[in-house]
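Okay, so subunit A shows up in both of these, paired with subunit B first and subunit C after.
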Partner chain A sequence: MTHIVLLVQCLGLNLSAPLSWPTWVLVICSMLKRRESRRAVDYRLVALLQLLSTGLLAAQMEGLLASGLQLITVILALSGLLAHELGGVVSWAALLRRSLQLLLAALPLALVLFLFVPRVAPLWSTDLGPRGGAVSGLSPEMDPLSIGQLARSDAPAARVTLDEEERLNSNSYWRVLVHEQFDGRSWRHEDPPFPPRSGRGGPLSAGPSQWWRVEPSAIRMVPWDGAAQPVSTDQWISSEGELLMASSPRRPRSYRLQQGLSSVGWQQQQPQPRDRALPLPPDHLPRLQALGRTWRDQPKDVDRLAAAEAWFRSQPFRYSLAPGAFVDLDAFLFDQQVGFCGHYAGALAALMRAADVPSRVVSGYQGGRLVRPLGGSPYLDLRQSDAHAWVEVWLTGQGWKRVDPTRWAGSGQPSDPSIDAVVSAQAGPVPWWRWLQLQWWGLDLAWTRWWLGFDQATQAAWLQALFGEQLRWAGLVAVVLAAIAVGVGLMLSRGGWPGFHRDPLQRSLRLLKRFGVKAMPGESFPALCRRAGGLRPELALEFQAMAEAQQQLDHALLGRRQRQYQRKLWRQSRARLMVSASRSGRSARS
Partner chain B sequence: MPSPEFCLGLRTLYIIPSRFGMVWLATAALLLLVAIQTSSNSTFLIAFLLLGLMFLAMFLTHDNLQGIKLRCGESSPGFAAEPIHYLLVLDSPTPRQRLQLRFQGQLPHQLDHLEAGETRVVLSWTPGQRGWQVPPRLLLDCVAPLGLFICWTRWQPPKPQLIWPARRRGPVQDSSPHRLRDGLDEWNDLRPLRPGERQALVDWAGVAKGRPLQVKLFRDPGDAERMLSPSAGLPWDEALEHLAERIWQLHHRGERYGLKLRGRTLAPASGIRHRDACLALLALA
Partner chain C sequence: MDPLVDAALQQLMSSVAQVLLGKGEEVRLALCCLLAGGHLLIEDRPGMGKSTLAEALARGSALDFKRVSFTSDLLPADLTGINVFDARTAEFRFQPGPLFSQVLLADEINRASARTQSALLEAMAVGRVSVDGTSHLLPQPFFVIATQNSMDQVGTSPLPEAQLDRFLMRISLGFPSRDAERALLAEGALDVSMLGACIDPVGLQEWQRRCQQQHCSEKLIGYALDLVVASRRGAHGLSPRASQGLIAAAKAWSLLQGRDHVRIDDVQSVFPAVAEHRLDAGVPGGAEQPLSQVLLRSVDALP
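Let's look at the complex of A and B:
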């Protein structure tokens, strides 16, 4: 059973991740070991291998479903361990109850350790995430055609939920990649260098948070709103305004961003020479270069941008995801004048550079569906069909400013029937299976927010809020809490051994002891009850009823209903006797 | 007179992590390392759960032995150099999980479950010498419920057990004195009761002492009647061992025999009581 649950989880592993192979090996080893186990130490080792496999699986699969399966595996592995120690004395149901009881008993101490043991950053830089596997999403090279294909895909891209629900806006722009290299046809992205560890993570603030859950992709850059700051040290913002993650992009990732107190630096980052230059020979894209140069007459960059907008609006541009083949941007701008966001953004950025205004193309997501699940907070569901490209231009005094030229084309309304279909599919009523998926994602996001949100930064902020200036007392408080947790755990674990303490005979014998009646060697339980009835004649009938019910429960072949009935009779007579025993005890004390 | 009780408590119990516990601890450390490297909260929690379970197991394993009272029971005599049984009584106020008992250097006896109340446990040990002997030190240990800690106690059972000389084939001085016949009213052996056998043959006296239901075996003592004494020229203990073997054989053949040893004489007779009396005389000679 435990191995089936483990195998189901292993099937979800990405085999290109370095951790996935040890996990598979451990699970297979534990299965083989289980087959040839004969001694106690072998069975114990199997249970430990199962727990170790579960820990490794937990490091690779963090979703709600995976976490649920991991919890089941831990309980089953613990049951296996206990089952051997008990040598089949109790039933599986009792074993499971005992495992849960032990787990609950260990949980207080585990939680104290979880909350108080200081989190440390990874000890060395090892990418334990997958290096391959199915991914979808944005590409570092923005060939206009790629976004057009992406816009037809309804695959999930990301989900975001915010502290302030009213800020969840389906018109927001979520930036991912900045493409600053232009080769005359496509815009390419250049990977920024890894900053030193000390340069990562922003100052902590009490601002509202965003929780993101993104699907596997081929790039390290993840969506964000361009304003918040990462709280984890394995995330940082590049000088171009990209949010990068140190962990592998080829697995579902979760992260938290927090609204920073300081303004975001990337918007004021001076443009590089490459943002300004249009490294093209004069005979390449001649018409585009000529048009851009005409705007150089304008003294201010704001005026040049306004001239470009006026020119776009004056032309009969149309939006289409199937515009046909282009020779180059000249053909798009001056001949066919049909395209989608990638074409408009690429063309405007090139025109602005020709007009000597630093510019670059940004790709990311825009739109999405606001989902209000039955469980969890509202969230924005971003699909690959929400992929979008826009332009950032450097305006003196304002910094990098977002411009979306797609909105200038045909009033920004798509005229292509295929994209109409995608949009209407998102806006219309959802099928039942999609509804279920959206509900599940709501729960998954709530889990992400609640469970995965507790990271190194959150722990530091939480301890700071709890202890303030007296942070040095945190260790002492943790030790005291750990001692209390151990006490609570011991109370819980000693609280009952379900398989034995539910035994009517043992419980009845304990009750009789309270009346001062102890079984003599060779004395049967009914005889003991008769003796007790002789000592307390007023309770003789109750003793007899308890004995009869106990005999039925322990020795008679009873159906389920009959067993329940006899158990009820036994409970009733025992309860009445307990009341009498309590009264006797009180009167004896007084 | 009941033998003194030995109560297992904080002063008499010892506990250390078992080898499996050390592996468990190493696994928790490995999971912590993975959790740090991957910043995985679930792995952190599993690692801390392993640590929490280990810490709890220390108390639970100790609890499993604490409060048990040990005392010696009435043990039957046995031959030296052969495994014999020693009766122990365990008195526990609550049910206990798997325990293991053994005399030092002997095979362990496992108790899968110890019910509340008194439990009689028969342990075997192999005495080396005749006479009143105490068994080696008792080792009672348990690793339940998780096998992470081993908790144990050592106790020297104070009650000695009568050990007859080891049985060894060899010469004995055998004479045939004046024959006495006691008739068929003496039984010379016991065997388990079979269904349908007469109740009158059951050894009720033994049942009252807690032994299982057994049937007395009667044999015609026949004409053989011997008086045994140690063979001359042999070391004393070796001569006694030959006598023990001879007495055992004669008893099983149902013959009547007597014993003359260092001025003490046991008149020829047969039966278990006579055999035990002869062997006891050898043990204490």
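Let's look at the complex of A and C:
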């Protein structure tokens, strides 16, 4: 059973990850070992292998579902181990209870480790995920047609939760890619180089945080709002204003951004020559170039942009996700005049460059669905259908400014269809399975946020808050609490609770009480068991065995092995008696 | 544990029980007393098989057996022996009395005078006899089985408390059960003289030695102490010799159970035999229920 759960988790692994093969090997080894296990040592080894592979899985898979499955695996492995140690004839409920007890005993120590052990940077932030594999999403080379196909898919893209709910604006633009290379037909993205190591990561401030969870994608760029700062050391912001990760997220990935910092350097970054030039021979896209050049008469770039807007609004453009075959931008602008965001953005950026205004195309997501799950905080659900493209132009004195030509194009019609779609999706009824999925994601995000989000920076901040000048008392209390937690854990693992008897005699007496047998004055334990055996003749031998083992433990001079053996005998007979006690208890109730 | 010797002990026990029909428990106690190296006081009416038990134990373990009937005119010298003048060697020669045996049956000890009684008990305590200034060692093992008529018999003087304390156990045989007596009448019991030896004296001493090595746990010692301390709240508390005897008897009992350690059950089994005669000052049947049972019930046996 444990192996089934383990295998299910293994199926979720991507085989190109460096750690996934060892995990598979471990799981298969433990299965084979389980088949040939005969001795107690073998069973213990199997349980150890199972726990080890669970640990490996936990290192590779985060998220609520994976954590839940890992917890189930650990409980099952412990139960299996206990079942063997206790002699096999124990009810499932008792086994589960014992396993949970064990976990509970380990919990204080785990908590202390979790809170206080330093997160070593390269280990903690290393993405152990796979390096290959195909996934859908935005593409680095923006072909205007690709975004149309993407926009028709309903696959999830990302989810974000913010500390301040009012900032969860479903009308926001989430930047992903900046395309600055134009070859006359498509806009290309240029992969930025790795920044110097010292430039990575930002200091943690007290500002609110955004928690992102992105689906796998083929690119290193992930969505952000253009203003926040990354917290993790393997994330940084390029000079074009892209949020990059060290490697593309091949599995769902979570990260945290720090909000409310004013330093948005990429907006003031001077345009490169490539943003200005339209590297085209004059005979290529002649009508577009001609139109753009007419605006060069305007002295100020703001006026040139205004002229372009006026021109777009004057033309009978129609928005459609299926505009038919795409010839080139000239045909789109002057003949077909039907298209979607990719077309409009590509055309406007090319026009602005022809008018000698630095410009570039940005693709990302726009809108999203605001979800208020029953559990967890509200979040914004971004889907691939929210994919969008817009333009950024360099205006002297203002820096890079966002311009969305798709909105101008829809001006003749009631409203922008893409915005419309978002609004209707929010208002309309949600199918039950989608509703369940949204709820699940809410829990998942909350889990990510509170549990996995406890990274180095948070820990540092937390410890600083605890041991800071003003909060010395809080720090003292925390240390005392941690010490108590460790003590309780030790006590649970050694002696048990006060009142919870580890002594075989006391526990046997409690068991006998369940059979309705109480010690008479001066009665010895074997005599008591004999009396119990007289009341329940079918269990007389079990009672006798329990008494014998207990007496051996109490009075005989035993070596360590003998003691363990007698203790095992005692546990076994007690467990068998427990089963019949609960059985008779049930039948008595019914 | 050596299973062969264990079998010999079992055989001894069962063959003595064949002689004394229906008295398995008492036979076991008597054997236990022998193993513990203590002396046994059997208290009962005449004709209950006291002498038979003593003789059977002696024969079964191939011990030298002598019997002395105590009467009011019995003198100490009649027990210990005297120095007689040898005319040929012109020297005094020690003529050992019946005390110089391995199993001595002192029949109806309460008929003898206090002086004779005390001579016997001195010998029991120290294991040697002094005659005319010369010490003579008694043979080993030395086991005294004294019988005593119940107090309602005419012409008896009860043993003083101090003497009673020298007996490890006091048992009472009691009437046999109806079935046992039927078997006795119909087929007759095995004759004592037919009883063969099951172990030799050396083997018996080996068992006595082994008996002392039985393991007593802390809990067990604690329980025995609880019992002894509880007894001291009454009129006649148990002496340290009694508590030593209690543990020794419990050790022997556990050995007879085939175990290498003593349990609380063993203490409880031997406690009435070990303690009762010290608690009631030699006057049995005074209380409604035996004092030792009251004590056992007052001490928690589930530590």
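To be clear about the criterion, the second predicted complex is superposed on the first by the 428 of 590 C-alpha atoms of A that agree within 3 Å, B and C clash if a C-alpha of one lies under 4 Å from a C-alpha of the other, contacts with A are read in each partner's own complex, and residues count from 1 in each chain.
Criterion: a residue touches a chain if its C-beta (ideal position, glycine included) is under 8 Å from a C-beta of that chain, and two chains touch if they have at least 3 such contacts.
Note that this is a predicted model, so its numbers are computed, not measured.
**Q** Considering only touches as defined above, state whether A:Ser232 meets subunit B (first), subunit C (second), both or neither.
**A** first
**Q** Determine, under the contact definition given at the top, whether A:Leu569 touches first (subunit B), second (subunit C), both, or neither.
**A** Once the two structures are laid over each other on A, A:Leu569 reaches no partner at all.
**Q** With both complexes overlaid on chain A, does A:Phe114 touch subunit B (first), subunit C (second), both or neither?
**A** A:Phe114 contacts subunit B only, not subunit C.
**Q** Taking the superposition on A as described, I'd like to know which of subunit B and subunit C A:Ala59 touches: first, second, both or neither.
**A** So A:Ala59 only meets subunit B here.
**Q** Please indicate which partner A:Ala331 is in contact with in the superposed arrangement: first for subunit B, second for subunit C, both, or neither.
**A** neither
**Q** Which subunit A residues are contacted by subunit C in one complex and by subunit B in the other?
**A** Residues common to the subunit A contacts of subunit C and of subunit B are 509, 519, listed in rising order.
**Q** So in the complex, which bits of subunit B are touching subunit A?
**A** Going through subunit B, the ones touching subunit A are 20, 23-24, 27, 30-31, 33-53, 55-56, 59-60, 63, 95, 97-98, 112-113, 116-117, 143-147.
**Q** Can you list the subunit C residues touching subunit A in their complex?
**A** Subunit C residues touching subunit A: 215-217, 219-220, 259-265, 268, 296-303.
**Q** In their shared complex, at which residues does subunit A touch subunit C?
**A** Answer in residue numbers: 505, 509, 519-528, 551, 554-557.
**Q** Which of the residues in subunit A end up touching subunit B in this complex?
**A** Interface residues on the subunit A side: 19, 40-41, 44-45, 48, 51-52, 54-56, 58-60, 62, 67, 70, 74, 78, 81-82, 84-87, 89, 102-103, 105-111, 113-114, 117, 119-124, 126, 128, 232, 234, 247, 451-452, 454-456, 485-486, 489-490, 493-494, 497, 500, 506, 509, 519.
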